[in-house]
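You will see two complexes here that share subunit A, one where it goes with subunit B and one where it goes with subunit C.
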Partner chain A sequence: MDILYKVFVEPFVFMGEAPDLLIQTLWEGLVSGVLYALIALGFVLIFKASGVFNFAQGIMVVFAALILVGLYEKGVPAFLALILAALAMLVLAVVVERVVLRPLVNQPDIILFMATFGLTYLLIGFGELIFGGNPREMITDALLLPQGTTEIDALGGSVRIQHLDVAAAVIASLMIGLLAVFFSKTRIGRALRAVADSHKAALSVGISLNQIWVIVWFAAGLVALVAGIMWGARSGVSFSLQIIALKALPVLILGGFTSIPGAIIGGLIIGVGEKLGEFYWGPLVGGGIETWLAYVIALLFLLYRPQGLFGEKIIERI
Partner chain B sequence: MSFRKLSLGLAAATMLAGTALPAFAQDSIYVPLFTYRTGAFAGSGTYIADGMHDYLQMLNQRDGGIGGVKLVLEECETGYDTKKGVECYESVKGKNPVLVNPWSTGITLPLIPRASVDKIPILSMAYGLSASARGDIFPWIFNPPSTYWDGLSMIIRYIGEKEGGLEKLKGKKIGFIHLDAAFGKEPVPLLQELAKDIGFEVALYPVAAQDMQNQSSQWLSARRDRPDYMVMWGWGSMNGAAVKEAVRSGYPMDKFYSVWWPSEDDARAGGAGAKGFKMLNWHAVGANFPALQDIQKHVVDKGLSKSPKDKVGELLYNRGVYNSLLIAEAIATAQKVTGKKVVTGEDVRRGLENIKLDPARLKELGLEGFTEQLVLSCSDHNGHRPAFMQEWDGAKWVKISDPIEPMTDRVKAQLDAAATDYAEKNAGWPKRTEPCDNAS
Partner chain C sequence: MFYREAGQFKSNYVSDAAIFPLREDRIGLGIVIAAAYALAFMGSDFLLQAVMIPFLVFSLASIGLNILTGYTGLLSLGTGAFMGVGAYACYKLMTAFPDVNVIVWIFVSGFFSAAIGALFGLPSLRIKGFYLAVATLAAQFFLQWCFIRIPWLVNYNVSGALDAPLRTFFGIPIIGATATPQTRYLLVLTIVILLTWLASNLVHGRIGRMWIAIRDMDLAAELMGIRPLQTKLLAFAVSSYYCGVAGALLVFLWYGGAEYDVFNINQSFFILFMVIIGGLGSLIGSFFGAALIFIMPIVLGIVLPALLSPFGISVGSDTIEHLRFMIVGALIIFFLIVEPHGLARLWQIGKQKLLVWPFPY
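Up next is the complex of A and B:
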């Protein structure tokens, strides 16, 4: 009975007793969730256009952030470095399309997936060769990102809001909004959706697959750059950031691999869910549960919606 | 395939294999250095690797090696990955290494049973299995100058003294944020034992390797639990991220302590808010020592180092120098004890057991005042030396305490029990048969 009380009653009693901590946990979860959503978005863009699960998305986050910081350390002004880092992601997109995707057209999806594994390790090695393995500090001040904390006394306690987290949430939301508009309202966006529906049909109406792939890989590169800046500003830029990208996996399972709203809602559910779980139920098992809790949350959702929250429902008639 | 093509292929493969292997002459001493310049822990590993390499390279350049015998240095990249570390060990053990530095507790643990079989001493400097300090049970393992258990007891002693005595810790809560790996969990049994004895409460905050840069949950939990002190056992990018998160969450930094692994970069990550963060250390920071100036002159200035000039003398660089000081001293002592110039792993094991780094010897080595003296013996492979507390002042580490002695009275019984327990649990653990030159 004691364990039932600790699982089903005590956490909720504590939520009521310390509502400031509940708000703080929800806020931390939302901020993490937005950043998870941003990373997941990079996966979704590429998966929608090419059916490829881009395992290299995590290292692209690190790579983009390292280029930005590396250029700044070489004396390039921050915003010029930002533009050059974005251009570097464009170059990467072109190279990936030419060297990896184009020669593998019509190969099974698993071959393309494995190619992105290869790309991951290539980028890790290349990145370590150029930038070394040492962690760096994100150029938060130079990019005019706000710093500092606002402590709000409320609900019998206090809630600490980091200005950087607010900026991260706003910038990530803007980025997501812009991408959503771009892909739903523009000609290229419609072409992308056509490619996502059927490569052959898209080709038959004159859409260039190669061009679309470059565009989506570039868009995913830009998303990676923003994610790299935000995560880097929170906890430093190092190669271990790429592991955080794996947090996007449960987000994708939950939200569906092809849905932009799914990536956003999925990111928020996973972010908030894992923080609440770790904070209120983690102590029951000695803590450290958030690593796997995200997958449990995603799998629980899958029991009811196997295609994910917003994934396409596949109906095959035999 | 024709016989001719096959022969040509085999000949080419043999030539390639031949060129890939470094040549180990009979008149040299082979010292493999397990390092990690890549991966999530490179932020700590790179500086240490540079310091280790540069000190030994300096001996090669300045003195022609040790006792006139050139050192052959070869790095093996482990990425702080236990599997890769064991592969490194397997790849070097046939080349007659005089010792192995795993530079990871996770890698050290599987090497412990292999060392006595392969006759290769393992030097796990201030890391690894604390119980391996017992030379009578672990004749091939050395972990000077202090074990993790010593380190933890020093931190508890220090904060106890701050409170006005250990007994004043009764009823207090100590948070322990640690890497959720063999290294981070190593001091937990002692922490729990001390908590029981002294009467303080412990809150554990494990950080999985994949969440090293995503620690907001741990620090939120710390806010919930309100620990009076936080103690950290972190490595790699975990340290810098923890300092940042502690600042973000408003934890009082003067109550935040760490074992001896954070670097200047880790503290800098917290910005101005990191002031007051404290850690243990047992050697000097800075390059104002003749030996370090010789490194600058004979290695760095000649372009033989991978280290940027401004990193020579930083904390983890000097940690690597200290590690190589032990290697060099073990080899020199082995030469003295055996009368041989080209020594083997078995000789260096004896050398390690006879290490006597007193102030006079440190002065002779150009490291006067660099560290406390260290004396090892057949039974004591650690030394259990005191460390001091240093504090981050916003720009550099500042020494803020005299040497803090470990709580030997509380730790020794635990350590003896753990060593005996290890031998009992590993059926057939060999009784020590190795000769002893230094029983004291």
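Up next is the complex of A and C:
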């Protein structure tokens, strides 16, 4: 009975007693949720358009951030470096399409998945060769990102809000909004959606698959650049950052591999769930449950909806 | 010329169902096994300890994953954790019952990881493809967390690491600091051969066909009367059994002691590489994949400095490391483009060519 009390009653009592802590935890969860969503978004873009589960998304985040910081350290102005980093992602997209995707067209999904593993190794080696393995500071000041914190007195305590987190949330929302407009209003966006629906039908109306793939990989590269800046500002730019890609996976299965709104809502659920779980229930089992809690949350959702919350319904025929 | 099926007639059902129908194949297999045993007496300690033992251990783990991913079509990223369950179970059994021979415990420890594997295989009934792969990551991270947080698993020792106590077999130390690489190699080799033989019989028999039917189309298989629940869970259990035994071998016969970090997510990916590069749904491919993925970096580490030094490029060890990463990555992509069905398919093509040589067809 004691254990039941500790699991089902005590945390909620604690939440009620200290609402400021609850709000603080919720806020942190939402912010990390937005950042998870940013990474998951990169996965979704590529999966939707080409059916490739791009494991290299994590290293693309690191790579983009490293190029940005590396160029800045060489004396390139921050915003020029930003543009150059974006260009580098374009080059990467073109090269990946030419060298990796095109020869592997029509192969089973798992083979393409494996190829992105090869790409991950290649980029890790290449990045370390050029930039070295040392962690770096993200150039928050030069990019005019706000810093500092505000404390809001509320509910008998104070809630601490980092300006950077607010900026991250705003930029991520802008980015998602832009992508939504791009997908629904522009000619290329419509072509992208056509490809996502059916490769063959898209080809038959004259959409170039190769071109579309370059575009989605470039878009994913841009998302990676933004994610790299935001994550880099929080925890420094280093190769260990690529494991955040693993953090984005539960978000992805929760929201569904093919859904952009799914990535966002999944990110928020995972972010909040993870922080709440760690803060209120973690101490019961000795802490550190953040590493797997997200997966368990996602797994529980999956048992009800095997294609994720917003994924396309899986229809099987014989 | 030396490799012909002409004149070898299948006169009964047993010979028709044989796994190696050609006499040459059987002789070749015999030679390979004999050579593997002979290597124990001729190879240097470095070769046995740093190349052959890990190669065999990884081959065994790849066979395990291949049963799940290659034969049953269930993508799993929890291999590392299942290996860990085997290792920790073996350690607990070994220290709790020191009088029983440790070889028995190595085999028994596999059953523990089989049970855990079947438990985490339950979602596979509803979830498929990459969704399942990510779901198995839950097993990976949860089990790894258990290895760290439950001190009971390492008998409350302060370092939190597994160590290999001295155990003997007819007076010869086989586990522990005094066991020679030679004895450990022989033990690993024997276990791997035994389990490979067992796996070969499994995948070629009724159970293997059930797995393959589920892989090719689970809905159709179900309509034909194959029960998806039992078949998938059996695949998870058998696969985890192999991984568990491989994990026990890895810790006690190769490293001689290890921390929880050995069984991290990278280990899972590593084994998956071996399976895919080697060839999905092929036992011999598991060996090829393990050889390529494990031995290639070692060879590159030796070859690269030698290759670069004549050009007057002297490079630091960290640069070599980075180049190695790049080359391994590039080679993975290269192999996939050249032969997406893995090295096992290349092997098959080679054998086919040899059968008709010197004629084109």
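Here is the rule we go by: the second predicted complex is superposed on the first by the 316 of 318 C-alpha atoms of A that agree within 3 Å, B and C clash if a C-alpha of one lies under 4 Å from a C-alpha of the other, contacts with A are read in each partner's own complex, and residues count from 1 in each chain.
The rule is short, and it goes like this: contacts are C-beta pairs under 8 Å (C-beta built on N, C-alpha and C of every residue); 3 or more make two chains touch, one makes a residue touch a chain.
Everything quoted here is computed from the prediction, not taken from an experiment.
In the superposed model, A:F126 lies in contact with subunit C only, and not with subunit B. Residue contacts after overlaying the shared chain place A:G308 against subunit C, while subunit B stays out of touching range. In the superposed model, A:L246 lies in contact with both subunit B and subunit C. Contacts of A:F279 after superposition on the shared chain: subunit B is touched, whereas subunit C is not. When the two structures are aligned on the shared chain, A:F182 is found in touch with neither subunit B nor subunit C.
In the superposition on chain A, A:V296 makes contact with subunit C only, while subunit B stays out of contact range. Of the two partner chains placed by the overlay, only subunit C lies in contact with A:D109; subunit B stays clear of it. When both complexes are aligned on chain A by C-alpha atoms, subunit A residues 124, 128, 133, 246, 286, 288, 291 touch subunit B in the first and subunit C in the second. Those residues of subunit B lying in contact with subunit A across their complex are 36-43, 45-46, 180, 204-218, 220-221, 223-224, 236-237, 240-241, 244-245, 248-250, 265, 268-269, 271. Of all residues in subunit A, only 18, 21, 24-25, 28, 31-32, 124, 128, 132-135, 137, 147, 149, 151, 160, 162, 231, 234-236, 238-241, 243-244, 246-247, 274-275, 278-279, 282-283, 286-288, 290-291 touch subunit B in the complex they form. Subunit A makes touch with subunit C in their complex at residues 53, 99-100, 103-104, 107-111, 113-115, 117-126, 128-129, 133, 246, 249-250, 252-253, 257, 285-286, 288-289, 291-292, 295-296, 298-299, 302-303, 306-308, 314, 316, 318. Touching subunit A in their complex are the following residues of subunit C: 69, 75, 123, 126-131, 134-135, 137-138, 141-142, 144-145, 148-149, 217, 219-220, 223, 265, 269, 272-273, 276-277, 280, 318-319, 321-333, 336-337, 340.
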